[in-house]
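Chain IDs A, B, C and D follow the sequence of writing; residue 1 opens each chain.
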Amino acid sequence: MEGVRMKILVRYAETDQMGIAHHSNYFVWFEAGRTELCRAWGMPYSLWEEQGLFLPLVSAQCRYKAPLHYDDEAELETALAELRSHSVTFRYRLLTPQGRLAAEATTEHAFVDRQGKLIRRGHPLIQRLEALARESCQV
Amino acid sequence: MEGVRMKILVRYAETDQMGIAHHSNYFVWFEAGRTELCRAWGMPYSLWEEQGLFLPLVSAQCRYKAPLHYDDEAELETALAELRSHSVTFRYRLLTPQGRLAAEATTEHAFVDRQGKLIRRGHPLIQRLEALARESCQV
Amino acid sequence: MEGVRMKILVRYAETDQMGIAHHSNYFVWFEAGRTELCRAWGMPYSLWEEQGLFLPLVSAQCRYKAPLHYDDEAELETALAELRSHSVTFRYRLLTPQGRLAAEATTEHAFVDRQGKLIRRGHPLIQRLEALARESCQV
Amino acid sequence: MEGVRMKILVRYAETDQMGIAHHSNYFVWFEAGRTELCRAWGMPYSLWEEQGLFLPLVSAQCRYKAPLHYDDEAELETALAELRSHSVTFRYRLLTPQGRLAAEATTEHAFVDRQGKLIRRGHPLIQRLEALARESCQV
């Protein structure tokens, strides 16, 4: 399974008084990674919402391995981890500028409509996700 | 003109590596102050949006006078400063736990509908604001 | 084991365009919960850092059960979950204003010094944590 | 006077329930702009702090002209606006993807040491700023 890579430049506002990037920001970066992954798939996430498909979080977990500092250029890899009947899971690896593992994480997202009601696999965008998931497993 | 006062407890995530509360958070706190002011007026801001009146920012300015630190309990005073035909301005005073002036600020907000189109004074909630503005000027 | 409870009022800036509180903010709230727990223990977290003991995250996990909205007054319960030789784990339960479970989570924190080097149990504050952990297990 | 330009991609977490980028994030972006400007000058801001020169805010002001939305690629221009004996002012112009003015702003920063005490022009980095300011005025 192939993911996308992007650079994350740690912003000053993302640091805390410990002098490292605050852990809550990692989830903001992972979301930026999902944005890039959807774009790489040719289906920008803004399109998903326009077509009535929203992806609120069901769960998130992150293991913090090495701290990141102001102005560090980290590398974030984002990939599809698992597709289920009404949710999708992404996984993330974040590397320090020196190439060490800074964090690894997963987030699981429900498929819901604008009112927050669960959507199952019928939605055209979910069908495209299924095709992507099949391709990535054939390797 | 009377404002409302509320406590703001500086969160760890709001600090930066300089060891003080990051300046961008002040605008988040001022917004919390507006929430309390609207509640004190008997017209919670969530109601404004339900009734199709949104208040995006037109301008913001803040003077930072003394830093705030993690776990400081600051006092925020929020008041109506000026009402114009299609905007409203709030003003803020933020005090350190020792009672020194930490910051003073104003924010000006347009009256717009859900699509971002300007609304003028006809809206019932704006009329209530006008009544509030008149009362506060009679002193 | 007894925890502490506190109110979390969802700020406007904490919402996203889905109209719910953004998932990254939950970790900021959990941190506010830890601040209250340490205060309830009589050892404010600012004191920990003054005494050279820092608690960066090792891992975090959260299950999101029900969304929170702007101006919702959620209730957050924070408790000590586990104490190990060089880390401590806290657990959190967040309730909606209607008393439904909004989220449950844990965060694990390393004991490190100002330079980020692991500290083991000798530190006086860690010894006080051990005493607290023993008390809470005697029930 | 020449500034630097950089792209700002609006993150999902930066939106609010009005469906636009929350105004507090603009100050985080302006700070990212200052980081790029200092880098372009050959004196990265992390170096400033290493050499004991910190730049907390004295004041900030922003005029919001057009909203930005999720995944918008805005262009940010950051430039030195004014250098005084113990403060420096930067100015910012932020453009929408369509090239319209989204916001213009200034921030003024004090020169202080690690303890927050004012530093005057003697510091080598401030002298380099003075040289930069002179150059930009000769045009």
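Just so it is clear, a contact is a pair of C-beta atoms (placed from the backbone, for glycine too) under 8 Å apart; a residue touches a chain by one contact, two chains touch by 3 or more.
Please read all numbers here as calculations on a predicted model, not as lab measurements.
Among the other chains, D has the CA centre that is most remote from the centre of chain C. The chain pair with the larger count of C-beta pairs in contact, out of A-C and B-C, is A-C.
Separating the centre of chain B from that of chain C, both taken as means of CA atoms, is a distance of 29 Å. Chain A and chain C have centres, each the mean of its CA atoms, that are 24 Å apart. Under the contact definition stated at the top, the residues of chain A that touch 2 or more other chains are 12-13, 17-18, 20, 24, 27-28, 31, 70. Listing the residues of chain C that touch chain D in their complex gives 12-13, 15-20, 22, 24, 70.
Per the touch definition, chain B reaches chain D in the complex via residues 17-18, 20, 23-25, 27-28, 31, 49, 54, 56-64, 67, 116.
Residues 9, 11-13, 27-28, 31-32, 35, 44-46, 69-71 of chain D are the ones touching chain A in the complex.
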